[in-house]
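Heads up, the next two complexes both have chain A, just with different partners, chain B and then chain C.
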Partner chain A sequence: MSQSYNRGLIEDFGRWREFSAGMWAWIFHKFTGWMLIGYLFTHIAVLSSFLAGPEAYTDTIQGLEGLLLIRMLEVGLLAVAVFHILNGIRLLLVDLGIGLDSQDKSFYASLILTGIITVASVPTFLDGFGGVLG
Partner chain B sequence: MAERYSSFAPGGTAWVLQRVTAAVLVVLLAFHFFLLHFVNHAADVTAADTMARMENVGYFLTMVLFLVAGAFHGLNGVYNALVNQGLSGSRKRVVFWLLTVAGVALVAQGTYVALAMAGWI
Partner chain C sequence: MSTQKQREPESQEPSDGETTPTPQERRLERKESDRAVREEAADESDLEEETVLLKVFRYDPEVADKQEPRFDEFHVPFEKGMTVLDAVIYARDTYDPSLTFRHSCRQAVCGSDAFFVNGKQRLACKTQISELDQPVRVEPLPHQEVIKDLVVDMDHFYDQMHAVEPYFQSEELPDDELEEQRQSRENREKIKMSSRCIWCAACMSSCNIAAGDNQYLGPAAINKAYKFAMDDREEAELTEHRLRIIEQEHGVWRCQTQFSCTEVCPKDIPLTEHIQELKREAVKKNLKFW
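Right, the complex of A and B next:
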């Protein structure tokens, strides 16, 4: 089957009102990717507190976990990671020629599943919170 | 064959590696989140727990693989996103090397920390 897709100038974010499901998937994947690589650098920086000694490491981790802002950011990170994983699987399948014709439906499924997993994880991420609000 | 559009030149080494690391990361990122938020709560993490995990050679190697795959996938993704936005010429070469140096530094720092956690340095 021969079919071509005219994506136009997709790099022009100013055209966002014309975007279809596949375009939003592309933008969300890019946006979540930027957040994840940014987080990776932050994560290694925080873990590097171990080099100042085991006590400094434990104090750093538990100090951060005592902040509600950090707990909320962790839920956000989970949402970002889950979407990137689910949409990434969708992209791998499309690359293999699987599901191209239903790529819009699989994008919506990725969004809904991300929402469900994120909401269901909130109690786990707030578990044992006894810190300060901020 | 449908005409195809991708952020990458299909068939190139970077294109293949981006997909190979993606497949690795799907498994390891899910494992990492599950282990450190659902099996062990992040708020309960102590240096002693971390050291006990990292002393296991299999866990150590898995974490280093996770770091290398994540750094490559993330920075190669950033590079390709910038190329998609029109980055070219000498600026493209400068960004390529900046991201490469950042990636090597990230992996070196992360591996050094992991070795310290394992008690091997």
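Right, the complex of A and C next:
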């Protein structure tokens, strides 16, 4: 017993294949949370172009909306926000002690619902691209 | 080898059998017994073919060659109903007596043989080999210091368990000295699952938060606190004292409901549920709108 061996973090991300539903929900919730915080700052940056006058603001928005990348990122932003909301409701239920036995099912449900809403939103986000604004 | 030898007399059977009747009977008899022997041999070879490949984590600080952790492979003959514990016991008894691991009751009561089997914390005596993918990787519990092979240092886990004062400590004694301290059926049902804990530390080892925060009480200790905090027989002040322990910085609020502990618990204790209920109790105690 003179010495022992510290194996460090065994369950690191390299074991992602063995993660359970609850673990994935936690990881996605953290990830989407940080994404939303990151978006908040870029959102403020874009909005503050209004300080240079209404034209500058319109130019900025039209310039950004003319980029396909931005349109695609907007779809991604919606996906991130929807998952965070749905999983947040799931966590609220978990905190209230409701349906803890089916916590994995509610995670899958929120994933599927996020997918459906995201796919359904694509036409709206790409509407008018390359036309009026471009 | 043995099966081929016994096949030879069988192939000569038809030609010899027609000439003399009495030797034929004898031969038929021999053939019958030969077949029985062959079938037995076949059964044995079947069993021999069915082996389990174990990959077992090895580490021994006292032997210079073994200080570098490694995995040893053991081929263990499979038997119906074999558990992971049976397999490592076979490996130790047959191949390497220095293979070290804790085990005692072999029936999921003592809680000493929790290992990290195929990437999940499991009780070795309760895990059927037939349910696992091969090779079966047997490692010591993660996030605990390895003392030797599959033996980990449990001191920290026990410290956390004792930190929640895991014993009944009501001051109110029944009137008669010989009278029992009775609990209502409903209250017993409420704490029933939490009382099943066998201190195996599988939950603590699976917990992502406990891995990063060494002071976190951990699921097992909080579950133990739940058992006594929910016990009606203890006075209100005692319950409050217990809630004060678990609502500290490294208490219930560290839990982020990943459900890892609930998933690995060999006794199926709804650990997350209990932690969440204690969170609500702690809030109720502190939030007063009047």
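One rule holds in what follows: the second predicted complex is superposed on the first by the 116 of 134 C-alpha atoms of A that agree within 3 Å, B and C clash if a C-alpha of one lies under 4 Å from a C-alpha of the other, contacts with A are read in each partner's own complex, and residues count from 1 in each chain.
Going forward, a residue touches a chain if its C-beta (ideal position, glycine included) is under 8 Å from a C-beta of that chain, and two chains touch if they have at least 3 such contacts.
Values in this document were obtained by computation on a predicted structure and should not be read as measured data.
J.: Please work out whether A:D95 is in contact with chain B alone, chain C alone, both, or neither, and reply first, second, both or neither.
T.: both
J.: Looking at chain A, does chain B or chain C touch a larger number of its residues?
T.: B
J.: Considering only the touch criterion stated at the top, classify A:E65 as touching first (chain B), second (chain C), both, or neither.
T.: first
J.: Contacts for A:L113 in the overlay, against chain B (first) and chain C (second): which applies, first, second, both or neither?
T.: neither
J.: For A:R15 in the superposed arrangement: first (chain B), second (chain C), both or neither?
T.: The answer is second: A:R15 touches chain C but not chain B.
J.: Where does A:M23 make contact in the superposed view: on chain B (first), on chain C (second), on both, or on neither?
T.: second
J.: Contacts for A:Q103 in the overlay, against chain B (first) and chain C (second): which applies, first, second, both or neither?
T.: So A:Q103 only meets chain C here.
J.: First (chain B), second (chain C), both or neither: which does A:L73 touch?
T.: neither
J.: Would you please give the residues of chain A that touch chain B in one complex and also touch chain C in the other complex?
T.: Shared contact residues on chain A (touching chain B in one complex, chain C in the other): 1-5, 7, 10-11, 91, 95, 100.
J.: If you look only at chain C, which of its residues touch chain A in the complex?
T.: 59, 61-62, 69, 116, 119-120, 139-140, 142-143, 145-147, 153, 206, 208, 211, 256-260, 262-263, 270, 272-273, 276-277, 279-280
J.: Can you check the complex and tell me which residues of chain A touch chain B?
T.: Contacts found on chain A: 1-5, 7, 10-11, 30, 33-34, 36-37, 40-41, 44, 47-48, 50-51, 54-55, 57-58, 61-62, 65-66, 74, 78, 81, 85, 88-89, 91-92, 95, 100, 121, 124-125, 127-129.
J.: Report the residues of chain A in contact with chain C in the complex, numbered from low to high.
T.: Going through chain A, the ones touching chain C are 1-7, 9-11, 15, 18, 20-23, 25-26, 91, 94-97, 100-101, 103-104.
J.: Write out the stretch or stretches of chain B touching chain A in their complex.
T.: The contact residues of chain B facing chain A are 1-3, 5-6, 19, 22-23, 25-26, 29-30, 33, 37-38, 41-48, 50-51, 67, 70-71, 74-75, 77-78, 81, 84-86, 102, 106, 109-110, 112-113, 116-117.
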